[in-house]
C-alpha cells in the first residue's frame, strides 16, 4: 500500500514490536499507486468525487455517533449515513465504466460462486471499490470492509454501502487509532468469522496475524493487490509463516500492462498539463528509464511533438529505445538543455543535486517511477535555495542567480498526485480481485498450498475478455482443426504461463 | 472578442442606436478564443491565477476607493494596489515562457521604436498581457489600459501594472457600467491623447468612434486581435467609415497555426481529461470537420490510441483525412457506436437532437469549433430529458430509459472553458501585436491607407524567428549564390504573401 | 517536363533558333517528376512494366515498318502492333486503381462532353495514360497521341491503343529525330485538325507554335501538366504571345498534395530500401527543408523509428518543424553524426563538398527535392575520390582514408529514379487533365481569355470527390440551413480560391 | 531451418531411415526465416548480391575441378577461386553494418578466446556469414564450413573465404548429393577433428550423429540458430540422446525482438511496395494476429496512413490491440471491405477460400507469419479460378466474374521472399552465435550438461551492448549505491532470466 509515500511518519504502530516488524519491510513500496483511485492530494485537488465529500462542520467522530440504516442495522461506522443516496449516484456513475464487473455479476449470479464466503476487505473505499464489493455480494458473499488509507475514503460511498447492509468501517480523515480500530471492528465481530481476506497493503493481514491468528484456521485464502503487501506475503512464505494460500493479483499481465504502459501513456500528459499548463510541442525531454513506464511516457510525449531522449542502464532496453527512435544518452550530457526531466527507473538518486544545479531556467522535473527518491529532493533543501509553492503540487526551486527549476509533487509519483486514474483501469484491478477470490474460494482441495500464487493464465485471459465489450472488440475463435494444429485448448490459455513475466522488470519500470 | 459567447445578454448598450449597430455584427464570433487566456469559466475552475485572485470580502467598488501607488500616482483604478507585489511575481513567471517579447525588448530598446507612442489598450488583463504592456513601455510607449472582458482581469496583475505607473482601469467582476466607465477613463483624460489603439473585440474602437471621433485625427493606427473586432473593421472599411489604417493580427500565419493546429492538438486531450478523466486508448471517436482544428484533434487522439473517424463536407479535406488514415463517414452511420463526438466545423447543428437520441450510454459530446451552436444544445432542453451537473462544465443529460450523454461546457468551446492556453501561444499573439504597433507607428507616410491590413509576411517571419530560441532551433542562412538562385532576399520574406491564407478555411476549422 | 534532368543534352533541336528559345527557359524544372510514372532509370530497374517491354531483337525502326490494326487502319506508328493484347491487360490492371476515371466515364458518357473534340496529346505513354486516353475517347473525343519522353513509352500499351484506333506515334528508344517526327505526325495530318492540346513538358505546344501557328485558330485550349511547360506558358503569356487559353493543372491543390506530401511520405522509404536495404530504426537523419516534401519525408522516417532533425531557412517552417518534434539545426552542426542526409529544398549546393568530406563512413546521401544540384555532386568528381557503382543508382564515393559515402541516383530525384509512383496518384493527375479538357472545351465564350488559368476550385473538389470511393469515404452534405449559415453553395466550392496556394512554396519543397 | 518451405521435396535422404527420422520433426518450421539473408527467391529477384553471382556458362561441377588458392592450399571446394577479390569487396561492404562483430574481434583478439577451437559450421554462406567466420578465425578458431541451403551460397564470398584459408565447401546450385558430400568433407577430414559445431537447421548435427557419432566425444558444444534445428535438439534431449551441451541462440531476447517486431515493421512496407507498388495512405487493412509480428506490421501500416484492424484469438493480445488503437474484428465481418489482408498468426487456414471468395476486386493477400498454410492457397487451385503471374512473386487470382485477388509469394513468408534483411539484423544473430561458441568453449567443467540452453542473460545483454555504438547510444552506469539499492550487479544482468520469454508466444506471432 502506498501509505509509505504519503504519510509514513504519521502512523504509529500499536507497539514497538509491530513497528519493528513493519520496518523490516522495504520502503520500496512500488508503483502500485496507479490502482489507487484517490490519494490524499488527488482528493484535495482534482477528483470530482472530492466535491461531494463535504468538509462539513460536523466534527463529531463517527465512532461517537450512533447511526442506523434504513433497515435498522447499525453494524457499520461511517461519517454520515444520510449521504447514502448521494453515494449511490456516485456508484452508478462508476458502474458505467466498469461493465466487466457488471457482466461478471450477470454471468456468475445464477451459480453464486461466493455463496458462503465471508470476505473481510481493506482497500480504498471509493465508488469503484463499491462496485467491486456489490459484485461480491451479488455473487453470494457477505462482506465487512475497512479503509486501507486514512484519507482516501469517499464518505458518501461508505454511507451507500452501509445503507445496503455492508458492514463498512471507514471515513475520510481517520486518526491512526481510528485506522486500527476500524480494522479490528471488521475482523473481531461476534457470530461472524471471515473465511476470505481481500487486502491492499497488507495491514489487515498483518493485524490478523498479530491479533487473531486463529482466524487463519478458517481462511481459505488471501487476495493481495499492492506491491508492498505482496512483498510481505513472499517474506512470510519464505519464513515459513504463511499459513494459507495467497493470490498476488498485482502481477497479473493485464493489470501490469494497464497500470504501466497504457496508463502512464495518458497520465504523463495529464499530470504535466494540470500542474504546469506546459505546451509539449518542441519541448526537449529526457526520460530516465525505458521499461514499460518509460515506454508509455516516451510514446505519448513524442506523439505530442516533444523531442525525447532516454537514459538506460540495460543495453537491451537501450537498444529498444534506439529502434523506437529515441536517442540514448547519459543524463549529464543533456541535462543542461532539457525542458523536462522525467524519472521512471525505480532506482534512487537518478537525478542528483549536481544535475539539478546544471538544469536550465524553467526546467520541469518530475517522477513517474515508484520510488520517492528517484529525484534527490532532499538535496534541494539547503539554505541557498528558495522554495516557492506556486500551486498545489508545484514548487519553484530558486537558485541564487534567479534560475528556477519546477519540481512537481516534491518528487513523489506524478500520476498518483497530479492526475486521475480512469475507472476502466480500476475495473481491471477489481475484476482480477473478484476472480481471484472466486478461484481461491472454489479451488479443489490441494490445488493451492501455503504459498503465494499468480492468477492462473486462463483467468488473466478471462479478465481481459470481460473488458473487450467496452471496445466492441470481437474475438476470433479457433476451429477444432486449428486448435489441434497449435496444440491449444480452444478456450485458452493461449499463452504459456511465463508470458506474464514480460512486464516484470527490476531496474527500469 | 468572445464576450458574445459568454455573456452577450448581460451587456446593455448605452443607447438603442449602439445596440443596433452592435447587432449588425454577426454573432459568429470565431474561435479566436484560444488567444484568450482566461474566460470566466476557466478562471473559476482551473486557472492557477484564480487562486491568487482573492474573493476577498472587500465589497467596496474600486471606483469608490482612493488608491495611490508608491510613486504617488493615483491615475488608475484597480481592486487593490496592495496586491502589486503578488502580481509582480505572476508577471515574472509569465516572462519565463515569453522570452520572445523579452528578446524584442532587448533588440529594440536602444532605438525605442515606440518613443512618443501613446497607446490605449483594451484586452484581457492577465500576467501575459502585462508582459506585453511592459514591453511596449520599454520600447518607449506610454500606455493606458482597460479590460475587454468584465470577468477576466487578474486583480493582482492590474495592481502590479498600476504600481509601475501604467494607467490601468480594470478589475475582476466589473458591472457593465463599470466596463464602459473604464474604457472612458482610458480614452478621456486630460493632457494625454492616444495616437495608437490596441483592441481585442472592438469595444474600445467602437467607443472612440461613438464618443470621441476627433481622437482619430491623431491616431496612427489600430491593432485588432479578435475575429469579431476584425470583422467590425472590415465592415467599417467597406462602409467607407474607417478613418485610420488597421492591422488585422488575428490572421497572421504563425498565430493561426498555433491557435488552431498545434494548440488544439494539446488542448483536446487536456480538456477531455480535466472534465471526464476519460481513458483515450481504444475509444471510438468521430471528429466532425477536418480543417486545422480537426486535424489537431485527430492527430492527438489517434496518437493516444483512440480509433478516430471523420466527417467532412469538402472532398479535398476528406481526401486528406483518408490519406492521414481516418475513415470518412457520415455522422448518422456511426453515431450509435461512438464513445466521443467532437465538433470542429464552425457550422451549426452539426450534431442534432436526433443524433443525440441515438448515441450510446456514456457518450461524451463536446465542441472545439468556434460556434456555440455546432451541437444543438437547445434541443436538449426538453422536459423528458434530465440535466444533471456532475462537475463544473460537465452535464449528464439523462434520457427516460436511463441513457446518459455527457455534454461538456454546454456545447461551448471546450478549450476555452476546460483547458488552459500555454503562455507560449500567448507570446506569439503578444509579439505579433507589439510588432504591428511598431509597424504602424513607424510606417512612412503612404504605406498604409484607411484600410485593414495583414501583417507583412516578413514581420510574420520575424515573430516566428523570435520564438525559435525557445526551441534552441538554429536557422540556416542562404548564401548569396543560393539567394540569387531562388530569387529571394537573404533576410526574407521567404514565402509569397498569399502563403498565409493556407489556414483560412470557411467551413471546416 | 522533366526531360531536363534525364537527357537534356541528348535532344538536339531542329535548328539553332529553336535551341535558343528552349534555352531561354530556366533549367529549374521543378519536381513535377512524381507524376511521371516511368523515367528512363525506373524503366530500367524496377518497373514491372519494364519486364513486358521486350528488348526484342527486332531492330527495324518502326518508321520503316508497315503495320495494320485489326480494323485495317494504319494511322499509327508503334513498335509492334501484335503486342496489343498484352498491352490491353496492362491497361486493365491499371484501371483497377484508377476508378475515378472509370467513374468519370460513366457519369459523363451519356452527354459526351467531348463530342467533337479533337485532342492532340503528348505525354508519357503508359498504361495509366492509356486509361486517360480511352476515357477521353469514351467522352466523345478523337485523339492523336505521341510521347513526351524518348524512353518512357510502354510499347505494348502503345500497341493496344493503336489497335482500338487511337492514332499513336511512339515507341521506347526513339531517336531525337523520331521524337519530333512523331509529334509532327500527330499534328500534321490531312483532314483532321486538333482543337485541343494536352501537353506534358511543352514540346508539342512549342512545335505547333513554330511549325503550324495557324492551328491555334481552331484550338480552344491547352492543358499543361509539367512545371516546365507551365513556366513556358506563363512566359508566352507575359510576352503577349499566348493566343489561346491554357490550363495549368500542375498547381491544382489535390495534385500538389499528392505529388508532394503524401507521395514523398511513401516514396522516401521505398527509394531508400530498394537501393540500400537500410534499416530505418534508430538511424540519425537530417532532412534539409521542411516544406511539403520535407514534411512527408520526416513524418515517414520518424514513424519508422529514425531520429530526424531538420534544416530550414524560413523561420515559419522552422517553427512548424519544432512543433512537430524535429530539432532544427544547421547542417554543419550535425553532418558528422548523420546516417542519412536528405535534401528537399529546391535550392542548390545545399550539401557541399566540405560537408561531404565531414560525413561519417557509410552515410547515405540523396535528393528528394526538384533540383539536381541540391547535392554538389560535381564537387565529388575529383581525382582523390574513387567512385564505385555497387548497384543500379547506388555509388560508393570512397575517400583516400577508406571512408565511403553512399550516393543515390547521382543526386537526382530519388523517387523518380528509385521508386515507383502508385497508379492512384497518376489517377489524380489524369482526372484533373480530363476535367481541364472538358472545362476548356465547354466553357462559354468569354470565360477564358488568352491567359494561363488554374483549374476552378470546384473542379479541384470534383477531382477529389471522384477519388473518395476508393477509400469508401462518405461525404456529408450541407443542409440548406447550414449552407446559408456558412454562406456556401451546397455543392461547393467549399474553400476560397486562394486556398489552393497553400502548397506553393518557393524555397522549401 | 527454413528449407522446409523452400524445397522440402527436393532433398532425398540417404536412406529410408533417415527420411523417417527427419519426418518425425514437425513441419512447423517457425519463422526463423528472417535470419536468412538469402532465400532462393530473394536471390533470384532482389538481392544485390545476386547480381555478382554470375550465372556463368562454366557448367563444370566444382567437385570435378582442381583449384588452389594463392597460398597453395586446395582444401576447399568452391565455384571459382578467382572470384575471391570480388567476394572480398562484398565482405568489406557487409562489415560496415556489422561493427559489433568487428568490435568483438578487437576486444577479444588479445586473449584469443577460441584458441584451439575447431569449428565446423553449416550456415548460409553470404557476406554476412563471412564476417562471422573471419571473426571466429580472428579469435583463434580453425573453421571448416559448408552451406545449409543448396541455393543460398554467394559463390564469390565462398571464394574469398577459401582464399584466406577457410576450408569451405559450398556453391550455389548444389545437387542434394553435393549437399551431403560437402557436409561430409567438412567433418570427415584427416588430422582435424571438430570440437565445436555451429549449425543452422540441424543437418550438420544430424549427419554427425548418423555417420560420425564418435566425433561427439571431443565436441564441447553445439550452437544452433534455427527453429527447426532447436526443435530437433529438444527432441534429442527429451529422448536422452543429446550427448553434448547445446545452445539455442534462436530464442535470445535481442534476436527475437529484431527478427519479429522491428524487422517486420520495416519489411511489411518493403515487401508490399516491391511487389505491388501499392499506396498505403487510406488503405483498409486487416492484420490477423497481434503478437510481435502483427504489432510490427500494424505499427508501420498505421504510421503510413493505412486504416488497420486486427483479428485475435487471445483476449490479452486483443486488449492490447484495442489500447493501441486498432479495432478488433472477426475476419468475416470485414473481409469484403479490405484492401489488404495480412496473416501473422502461425496458425493454418486463417484465411479460407470462402473468405477469399468474398474479398473485393484488387484485394492484396499476403503472409508474414511462419506457416505457409496461413492462407489456404491450395483451395485456390480450382478450375474456375485463373492464376495469372504478373510479376515475380505476384499472382492475380481471377474469379469468373473478373474479380482479381492479388496473392503475394503464393502465401509463403512475404519478407523472406519479397524483401531483404538488413545486415544489422544479421549482425545480431552472428554476434550471438559467436558469443555462444565462446561461452560453450570456455565454460568451466560442469556449467553445462547434455541439455539445450538459452544464452545466459548477461551475454544477451552483451550482444545488445555491442550494437549500441551503431546508434551512438550511451549507457548509464549504476553507482555502487544504486546497484546495492536495486540488488543488481553493476555489470548486469539487469533483468531476471525469465524476461527473455516475453516474445515467445504460441498462437500469434
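Note that the chains are named A, B, C and D in the order they appear, and that numbering of residues resets to 1 at the start of each chain.
Rule of thumb we're sticking to: a contact is a pair of C-beta atoms (placed from the backbone, for glycine too) under 8 Å apart; a residue touches a chain by one contact, two chains touch by 3 or more.
Values in this document were obtained by computation on a predicted structure and should not be read as measured data.
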Contact distance in steps, from subunit A to subunit D: 1
Longest centre-to-centre distance from subunit C, chain (CA-based): A
Averaged-CA centre spacing for the pair subunit C and subunit A, given as whole angstrom: 58
Length of the line joining the C-alpha centres of subunit C and subunit D, rounded to whole Å: 40
Whole-Å gap separating subunit B and subunit C, where each centre is the average of the chain's CA atoms: 43
Sequence positions of subunit B contacting 2 or more other chains: 262, 281-282, 284, 305, 322-323, 327, 471-473
In the complex with subunit B, residue positions of subunit C that touch it: 253-254, 257-258, 262, 311-323, 327-331, 333, 346-350, 460-462, 464-465, 467-468, 471-479, 481-482, 485-488, 492, 494-496, 498-499, 501-508
Sites on subunit A touched by subunit C in the complex: 281-282, 284, 302, 305-307, 322-327
In the complex with subunit D, residue positions of subunit C that touch it: 48, 51, 93, 96-97, 262, 265-266, 269-270, 273-274, 277-282, 284, 300, 303-305, 337, 361-362, 390-391, 396, 404, 419-425, 470-472
